[in-house]
Amino acid sequence: MDNAARFAALEDREAIRDLIARYGPLADAGDCAGAAALWTPDGVYDVGGYGEYRGRAAIRALLEGDMHQALIAGGSAHLLSPPVIELAGDRATARTYSVVFHNRGGQWEAHRVSANLWHLERTDEGWRVGRRINRLLDGSVEARALIGGG
Amino acid sequence: MDNAARFAALEDREAIRDLIARYGPLADAGDCAGAAALWTPDGVYDVGGYGEYRGRAAIRALLEGDMHQALIAGGSAHLLSPPVIELAGDRATARTYSVVFHNRGGQWEAHRVSANLWHLERTDEGWRVGRRINRLLDGSVEARALIGGG
Amino acid sequence: MDNAARFAALEDREAIRDLIARYGPLADAGDCAGAAALWTPDGVYDVGGYGEYRGRAAIRALLEGDMHQALIAGGSAHLLSPPVIELAGDRATARTYSVVFHNRGGQWEAHRVSANLWHLERTDEGWRVGRRINRLLDGSVEARALIGGG
């Protein structure tokens, strides 16, 4: 790679790190439209145990729903680990762990611990999520393959 | 932005990431002066449930106090999540989750799970913390707004 | 530092962040050879409570062993925190927390919370782990010194 390409790779990795780091704060703050806007207009959030939500309106509705609202009203933290990023031009993938902590009487429990594969796209708005696949790390072969990139 | 400004932004983000990553290890090692030196000389650490500590001597005294010393003597880990960073010249903000794990008979419990807003300043010593605001994610509206940047 | 050295430092830090971020996914996916290949051929993994494993074959055998296999079959997540990185030419150190979550009937427990000191080397294959020292943060003075860099 020449210097310009190496510099662009650093900037892309930084932008992707930033995009992913923004999900948790928006989800916990209850900024459902803001969280949905991390996806492309027709992006997909495939949530282990719940199903596939396609498009910003559907992702927003998921977060506005009773389940997510009860979680954040009680006190929650959607942590995402430092990602493993693979760039491929205007596409990229990232793999992260997510840990959702849930407040239970002043202690916090790890309510969901998941593998996440993010398919990312460079758009006119910057990097956005084309598809996020989330699977609980409960021993399932699928979740283990997802986090491992296999 | 021209190339020099883009490069400077990458370096600033890296330096801020490094600054924040250093807090936990210093806190858990019991290097109280080292942890306090991450702040500006008159910086503030506003700790949810405890109050506001202004200046390095006050922050050091907080960490040298019985509560923190008992925590680290029993086994603790002050984890900070990948930050959401916003640069504004010689100022910046970062938002992170913090999770304090506490050893209880060979298992670790998430003792405090908090939202943190870091107001950062570029100084002659490099980036330093002007004010860190920490609030427990126990469902409070204030903590949710803090992590969301609202 | 001149511009070329500053750019190289950013790239080195990015490469080290990437190397460390890859450990957990390989460990949880059960890609034992892949995880071992993050080390130099004669690299060492010194695991608190277990002992010292020298060379890729030994590290691979550790991960292929009954203990690790039972852990990942039940559902696990090996999270690593954002590292504190210190570059020194073709060597570097990084310090991270690790948290191993273990699925227990649909809840996850923090099974091991540890300090990790990574001694890293620039090789023909890129940055690799020369020695990783892991110690449980159970209040031991050694673990506290390890995470603090003391």
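In order of appearance the chains are A, B and C, and numbering begins at 1 in each one.
FYI, contacts are C-beta pairs under 8 Å (C-beta built on N, C-alpha and C of every residue); 3 or more make two chains touch, one makes a residue touch a chain.
Since this is a predicted model, take the numbers as computed values, not measurements.
S.K.: So chain A and chain C are the same sequence; what rotation in degrees superposes their CA atoms, nearest 5?
M.R.: It is a rotation of 120 degrees, to the nearest 5.
S.K.: Taking all residue numbers at the chain B to chain C contact, is the shared part over half or under half, that is, same or different?
M.R.: Answer different: the two copies use largely distinct residue numbers here.
S.K.: Quick check: how many Å separate the C-alpha centres of chain B and chain C?
M.R.: 23
S.K.: Quick one: which residues in chain C touch 2 or more of the other chains?
M.R.: Residues 7, 10, 81-82, 109-110.
S.K.: Would you mind writing out the residues of chain C in touch with chain B in their complex?
M.R.: It comes out as residues 3, 6-7, 10, 13, 81-85, 95, 97, 99, 109-111, 113, 115, 136-140, 143-145, 147-150.
S.K.: Of all residues in chain B, which touch chain C in the complex?
M.R.: So the residues of chain B touching chain C come out as 7, 10-11, 14, 17-18, 20-22, 24-26, 28-31, 34, 72-77, 79-82, 101, 103, 106-110.
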